[in-house]
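Several structures are given next for inspection.
After this come two complexes, each holding chain A, first together with chain B and then together with chain C.
Entry: the complex of A and B
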């Protein structure tokens, strides 16, 4: 537990030093938001399009920079050192916490901007944040695991989005449908159930597999 | 050799009986016949991907490359059968619904599965070293399989679909004409054995390839 905390702190500190990942993700989110609002204008009467655009923006902002949590270790040749001090599971859980925190920060910037710029109808906060939170957990869990795998391949970054996306499509589909349902005032329970089940399955599977990520 | 002839005769005879003598289902009319090909292909997809996941888990447990050969072969074959199911379903959709592709939940979920295993094979191709490739792709395969049950069985039941199983079979039990049922199950068996035979062949090729690479 202590080591997980230490890794989380280390991640935060090294991210804060350069803010490379955070800047990239937020810049990406803001740029794509601008492109979206420029292309579509204010569309408060089309919640279906808004829900899809919101999730796409978040997903791509996350995918554009989340692989570097592990790639950075490989490129800086610090992975071995990290493995000396902690077990693979501790490293991965630490990175997972960092990725979650990272996503929350990106969302805290992106979502108010999104709601403002697109003129979206007012949201039901508990439903909206619930769906967003569950989607975020799945996004962080899959990014951590896939990131660790991808960091050990020949192409590193290039495959990350291609390999993550199929895993995240069910999350994207349920997230979009749930967000739309909360705007339309209809039942969100089935989407919450689906998202919860998926997040739990993904997290559980990840915890079982982290130990197999590295080996010599 | 015996296997090959046996499977060929089995499928040929069943296909002949199914196409010439089995009656048609009222709603589906002439398109009933796709059933003998489409559903067995979808069935084998699930069997192959399940087998691939099982072999991946066995690899992580036992660390013997023969399990990895099985996992890779089953994923390749699963992808081929998935394409067969998708294409036959799409042709059927053109005849019944009037368009080849309409993002019906069934179409969406099978498309996700295609992407998932396409990504698996892309990932395999980009990892160097037999052990490392086997380990990392086993990790990905196990995570990817988390997405299969929701996609195959849950999503099509949450979202409203036009796919005929609720139309032909609203009570959820098999309620077909006896001859259709016999042909259908006979095709399921034939396809399963076809898969088993192809799988054996592919694994043998993989083993020979490795031996060849070791000798050169």
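Entry: the complex of A and C
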């Protein structure tokens, strides 16, 4: 746990110094929400569109930065340093914790802005936060796993999009449907179960894979 | 200062990259510490590759490498605290200072006093006056000293130095000599080099030169 904590703190300090991802993510979220609001105005009567807009904004804001977690280590040639002080699993879990924290910060800025600008109907907070939290864990786990897998490949950028899509589609679908269900007052349990199972499966698979990823 | 009881042993060690063979072919050696060992051979013979295999970063195509510390054989994943590696391929976080880089490494190693370990390592390589400068502002010679500090930060039983004198001036080469002598008195140090001065620091040798394959056993 000490190594994971050290890697998490290193990631936070590095992000704070360089603002490599956070500025870009928040800028994307703010500009896309502002643009949609200018074009469509406040649309409280279209929760279907609002649910999709929320998840798309979160997804693209976060992925643009989280995909680089391992790529930065490869391009900065610092992966060797990490491998000399920690196991691949410890490195990846440290990165996963950072990606989770990163998403929470992006959401803390994006969601109040989203609710304010779009005029979204009142949310059922426990259901809304439950869906959001599970989706966040799944997003962070999948982007960390894909980032680790593609880190040593040549066409990392193109590969990230291609490999991420099948992993992210279930999260997006369940997230959008669950968010819509909480606005419509319908049952959210199926989406909670799906997102929970998916998050657990992704995390379990990741922990099994990480130690074999960077064997030359 | 008491010496650590350490032994390294390679049996039938071979490595190839795809179809390309290195000169690491059926390599066998055994060394007991304390002491220094030179790893020599022409460019491309596999000196750096051999150190990476020893560090557990690379899996050999065939054969075994064993590291024993105080009579206990360590698996590759458990070697991090027993091994220190300084290689030109090692880079640091440029947005951090030298101290911050080493404190992070010490924390990840689980050392009890990371800041003190980092300060001591930087002192030994003569980087204390610039310890709080960002690594981005370091010259290539200073980065090489930082690699040496990183490798010995946790006082490993075995130190692996790949071309340790590269980019260094006379004062820097004296630091390398001091580091090698210190490590050779308390554990094992392997120096991958073709520099005659660095070669002279090690009385024992693993040669990867196929024309003069000579393995000196401890």
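We take it that the second predicted complex is superposed on the first by the 215 of 216 C-alpha atoms of A that agree within 3 Å, B and C clash if a C-alpha of one lies under 4 Å from a C-alpha of the other, contacts with A are read in each partner's own complex, and residues count from 1 in each chain.
In the analysis below, a residue touches a chain if its C-beta (ideal position, glycine included) is under 8 Å from a C-beta of that chain, and two chains touch if they have at least 3 such contacts.
Please read all numbers here as calculations on a predicted model, not as lab measurements.
Q: Based on the superposition on chain A, does the combination of chain B and chain C result in a clash or a fit?
A: These partners fit in the superposed model.
Q: Is A:39 touching the first partner chain B, the second partner chain C, both, or neither of them?
A: neither
Q: For A:2, decide between first (touching chain B), second (touching chain C), both and neither.
A: In the superposed model, A:2 contacts chain C only, not chain B.
Q: Quick one: minimum Cα-Cα distance, chain B versus chain C, in the superposed arrangement, integer Å.
A: 7
Q: Which chain A residues lie in the overlap of the chain B contact set and the chain C contact set?
A: Of chain A, residues 215 contact chain B in one complex and chain C in the other.
Q: Under the touch definition given earlier, write down the residues of chain B that touch chain A in their complex.
A: 60, 108, 112, 115-116, 118-119, 122-123, 126-128, 132, 135-136, 138-140, 142-144, 146-147, 150-151, 154-155, 158-159
Q: What residues on chain C touch chain A, complex-wise?
A: Touch list, chain C to chain A: 52, 55, 57-59, 77, 80, 85, 87, 89-96, 100-101, 104-105, 107-110, 150.
Q: Would you pull the chain A residues touching chain B in the complex into a rising list?
A: Chain A residues touching chain B: 142, 145-146, 149, 152-155, 159, 162-163, 165-167, 169-170, 173, 177, 190, 194, 197-198, 201-202, 205-206, 208-209, 212-213, 215.
Q: What residues of chain A sit close enough to touch chain C in their complex?
A: 2-3, 5-7, 9-10, 13-14, 17-18, 76-78, 80-87, 90, 211, 215-216
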